[in-house]
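Note that chain A is present in both complexes that follow, paired respectively with chain B and with chain C.
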Partner chain A sequence: MDAAFFVQLLLNGLVLGVIYALIAMGLSLIFGVLEIINFAHGEFYMLGAMAAYFAVERVHLGYWATIVAVTIGALCVGWVLYEALLARLAGSGFERSILVTLGLSMVLQNGAVFLFTTTPKMLQTADTYSNVTIGGARIALLRVLALGIGVVAYAGLHLMLHRTQVGRAMRGVAQNRDAALMVGIDPRAVSRLAVVVGIGLSGLAGAALAPVYAVHPLMGFAFVFKAFAIIIIGGLGNVSGAAVAALALGVLESVMGGFLPQVVVDALSFGAMILVLLVRPQGLFGRGVRV
Partner chain B sequence: MSRSTGLATASALLLVALFAVPLVTRNEYLLALGVSFATFAVLSSGLNLVYGYSGLLSFAQVGFFGLGAYTAALLMTELQWSALPAVVAGGALAAVAGLVIGYSSLRLSRHAFAIVTLSFALLCGIVARDWVSLTRGSMGIPGLPVPTVGAWRIARPADFYWLLLGYSVLANTIIYALVTSRIGRAMRAIKLNEALAQSQGLDPLAHRLLAVTLSASLTGMAGGWFVFYLTIVDPSVFDFYYTETMLIMVILGGPGHFWGVLVSCAVLTVVPDLLRFTTDLRMVLYGAVLIVAMLVLPGGIGGWLDRRRVERWRRIAYGSPR
Partner chain C sequence: MKPLVRSVTGVLLTLAMLGAGAQTGAPIVIGASIPLTGGVSTFGQHSRWGSELAIAEANAAGGVLGRKLEIDYQDNRCNPAEAVKSVTQMIAEKKYVAIFDGLCSSAALAIMPLVERAEIPFVVANASATAIAEKSGVGGNKWTFKVNPTDASMLDALVAWLDKEGKAANIAFLGEDTDFGRAGVAGLEAALKKRNRALASVDFYQKGTADFTTVFAKIKAKKPGLLALYAIDADFQNAMRQWYAAGGGIPLTGRVLVDQVPKAIMASGFLDGTTSVQPYDPSIDTPGNKAFVEAFQKRFQTAPILVSFEAYETTRVLIDAIKRAGSTEPAAIRDALTKTKYPSLLGNTIDFDDHNLAHNNAVILGIRGGKVVVLGFSKT
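For the complex of A and B:
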């Protein structure tokens, strides 16, 4: 087999895995802390990409300025989302929270279809056709940048969860809400922060990938389907597990896509999820303690 | 006349009236609305059985619907099966899928069930689009043969109306018989308090699997009949539109409320069609309704009526002054 072809598939897979990871980590974080499965999560990825498209095309912001602006916007949206909707759902049952976020997803997705139509938009930047050569494989510069942004975001989240006081508080709430309350952690503040960070990561993923993939209102849907499988495989609420599962899935999908029919690749995440549920229901990396 | 015989008489009269519609009018628009109502009545009652009575939020219903549709269509076009066995095979395959999904996810939690059912529904749509050699991809399979059941050739709109209404009545009768039986009460008990129900010797997994599997097979067969009416099957039978519509019907009608869901199904079939929204705007509206309903009226109209009835009983029992 051609080594360059393999490296090419591997690199594309890593980029794909990083997007999966950015979306799945936020989803997993929100589930771990709030016990809410955010069905609208993919829509925030879509909105991030849409916002990046309009920031570049209409406002003529540069690449980095767009990413920073969209991420800050997404953080604010996360804050509003928590205060306006999710805070009212605290402790009111799992199905209810799913249905509310599903309703939100319907409003956002179909609203975007109505406003922007389903025609895919291509975002052209100065670097669209720039390439870098790695190990004989040529890869688009924007993909490498997206990969780098994803790695930095993961490192940042990991440091926050494990090295800072708020991060420890977040893990504390995820492990035992009542005990966390007893030692003086405010679950509301921690939940708000988890939602803000989770939505922020989605928005960041959208902005970083807008120039790589076509932007259209249904793009979030396809990714969130993979993200759900990933958080089950990684163990519900386990952020690092989700990141590892996401990377593995991205690489596997990309490499398999080079040799096997598309339908097998599509079924991979679902098959892996069912297998994990049957063999190891707590997830590959679940140890009984979450986050 | 007691309350229950009154209800039985009323529903029997309503059924006769519904079946008599094509004798009175041949208006195709009216019959199309009727077919749509009959189909959604199976879908939403099937979801009600799983969500309302067993407390499991299932997104897989649309997957079962499309699976039944594709199976029936492929068996008839590729293997020249006749309609009835093809549709039953579609229902059977959907039931097997339901059993696998239910068994693998319910051992973990209700959370996992919701996620797995969603992934299943989305996967079905993707497979239908990408497995071109079997399903012919996005092109779909057009020009399905005219189904015949015995000597009855189902070709005119009125025939399809009778067929789907007849099937819908059958499916809803089965669901009604189940949810009003001892097993239905056990399902409700498990939904209300799993640990307590278990301590009384009820097996939660078996009851839940029964609900999921039965609902899957009825929904799958509805899909099989419905595509013959459409005369084409393509990946849009897996569209999330069906999921969202049946969820709204169940939520507004009141989960666990058999008649409430049927009424909301009738209202939501007729009213949006008369208002002629575009589908996008209709889904935006449904989403907003879903959010508001869950925040303000989580039990739906049926739950609200139940609450009022309980309050009335309390007033009678304790004689509280208004």
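For the complex of A and C:
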């Protein structure tokens, strides 16, 4: 096997894995703190991409200004989502949260179809056709930037969760909500922050990937189901586990895709998810409470 | 009494004539099921424009059988289930004299049984799957007519061209996993087999795939001489960007949409050496095509693409059949279609064989020096 080919596959897989991680981390964080699986997560990623498209193409904002603006917008949307909807689900059954977020997903997706049509949009920037060569392997510059954004996002999230008071509070609420309340932590404020950060991450993912992929209302669907598989493989609520699982899956898909038919590769993530559920239901890295 | 009888008769005759006049004035309505939204909606929009132009020209010339023509569009999103839903609804309304296009091969194939049961002519302008013609005409669906060439016939013409240039060995295939993509690989394999050759590799992707980087790396590693690409609309745009990022290095072939390559990529010369086969190109130098291109640009402020032309010419074939039928009865229109001898804008005569398939020319297109050029024509 040609070494350059293997390096290309690894590089592609690394980028793909970080893309998966960007989307999966927010989902995992929300579950870890609120114990709610947000089935609308893919739609927030899509809305982030849509917002980025209109910011660049209609408002003529630059790439980085768009990333910042869309992320701030997503943080605000997360705040509204929690206060308007998710706060009311606290303490209610798991089934209720699934139904509510599924319904929200349908509303957002069909709303986007109505407003934007399903016609795909291609975001053009000055760097659309720029490439980077690393040891014989080629990669689009915008994908490298998306990789960098993903790494920075993970680092920031990890620092927040493990080095700040508010991160400790989040881990406390995730471990035991009542005990956290008894030591003076406000579970509602912490939960709200988790949703804000989680939705902010999905919006950031959308903005970072809008110049890489075609933007359309159905774009969140495929990625979010991969994200579900990833958070199950990594351990429900375990953000670091999700990040590692995402990276591993991206690399595995890319390497296997270099030798197997694409249809087999597409089944890989769900096959792995089923295997983990059968063999180690708590996920490879354990269930988080370990946000 | 006699004056009274005469008066009443006169009134009755007048009312009858007025009624007949009103009926004569009612428009002739054609139903169209095309993707107006979704990943192929750009094609759907161009199909709509092409047929609208043909209808407008016919109406400006006085209509057909003393009546104006109209065409109603329903969205099928390039989805067979949506196509069935839209055409079922049209058939139930009982006002359409014919059904137009489907556009996507999967959609057209799904529509065929419906029009056969309802006994309404169905004219296919854009869907290219060979199975459409194989299932039509003698021994099959007598109500479906395919005006554009099949994939099989176009690919046979392309492979003959490539073989002549010594380039038909070592072709890899990448296509969408739909009837369109599957028809493409079947057509290429059949054409190569005739020349004792085979495809070097075959890969399919799910329609709507965003990331092609892995499959492109895989194909490049095998170092084929050519890559036959069967992708359209958003998938094609994603693939072009990612092929460029991957460095290409392998000329493309098959049904590459050379008129939709992003301008920056085309101008860079990156795709030079590409050889594609299509039923049409706007640069074809015939008086009829030049007039069509000019009229289309004037009306819609954009250049036509192959889908616009196919829709335009197919609508004109249908209008011609209605005229010759002298009636809007579906069976009469169908019989008139079988006897079509229509002068194509590309210079040939369109007539249908016993599988209700027309055999217009295929155009061999190339990308040379950052530009699309017509390399030649081939009868299909």
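As a working rule, the second predicted complex is superposed on the first by the 288 of 291 C-alpha atoms of A that agree within 3 Å, B and C clash if a C-alpha of one lies under 4 Å from a C-alpha of the other, contacts with A are read in each partner's own complex, and residues count from 1 in each chain.
Going forward, a residue touches a chain if its C-beta (ideal position, glycine included) is under 8 Å from a C-beta of that chain, and two chains touch if they have at least 3 such contacts.
In this text, all values refer to a predicted model and were calculated from it rather than measured experimentally.
S.K.: So in the superposed three-chain picture, is A:254 touching just chain B, just chain C, both, or none of them (first/second/both/neither)?
M.R.: second
S.K.: If you stack the two complexes on chain A, which partner ends up touching A:146: first (chain B), second (chain C), both, or neither?
M.R.: Neither chain B nor chain C is touched by A:146.
S.K.: Now for A:228: first (chain B), second (chain C), both, or neither, which partner does it touch?
M.R.: First partner only.
S.K.: Give one of first, second, both or neither to describe whether A:105 is in contact with chain B, with chain C, with both, or with none.
M.R.: In the superposition, A:105 contacts chain B only.
S.K.: Applying the touch criterion given at the start, work out whether A:262 contacts chain B, chain C, both or neither, answering first, second, both or neither.
M.R.: both
S.K.: Which partner chains sit in contact with A:272 here, chain B, chain C, both or neither? Use first/second/both/neither.
M.R.: Touch status of A:272: no partner.
S.K.: Report for A:21: first if it touches chain B alone, second if chain C alone, otherwise both or neither.
M.R.: After superposing on A, A:21 lies clear of both chain B and chain C.
S.K.: Looking at the overlay, what does A:113 touch: chain B (first), chain C (second), both, or neither?
M.R.: A:113 sits against chain B and chain C alike.
S.K.: Which chain A residues come up in both lists, the one for chain B and the one for chain C?
M.R.: Residues 113, 261-263, 266, which sit in both footprints.
S.K.: Can you tell me which positions in chain A touch chain B when the two form their complex?
M.R.: Within the complex, chain A contacts chain B at residues 37, 39, 85, 88, 94-96, 98-100, 102-111, 113-114, 221, 225, 228-229, 231-232, 236, 261-263, 266-267, 269-270, 273-274, 277-278, 281-282.
S.K.: Can you check the complex and tell me which residues of chain C touch chain A?
M.R.: The contact residues of chain C facing chain A are 37-39, 41-42, 77, 177, 203-206, 208-211, 213-215, 217-218, 220-221, 233-234, 237-238, 241-242, 244-247, 264-265, 268.
S.K.: For chain A, which residues are in contact with chain C within the complex?
M.R.: Touch list, chain A to chain C: 2, 5, 8-9, 12-13, 15-16, 113, 117-120, 122, 128-129, 131, 138-140, 143, 213-214, 216, 218-219, 222, 253-254, 257-259, 261-263, 265-266.
S.K.: Show me the residue ranges of chain B that touch chain A in the complex, using the header's touch definition.
M.R.: So the residues of chain B touching chain A come out as 51, 55, 57, 100-101, 104-105, 107-108, 110-112, 114-116, 118-120, 122-123, 126-127, 130-131, 240, 244, 247, 251, 278-281, 283-284, 286-291, 294-295, 298.
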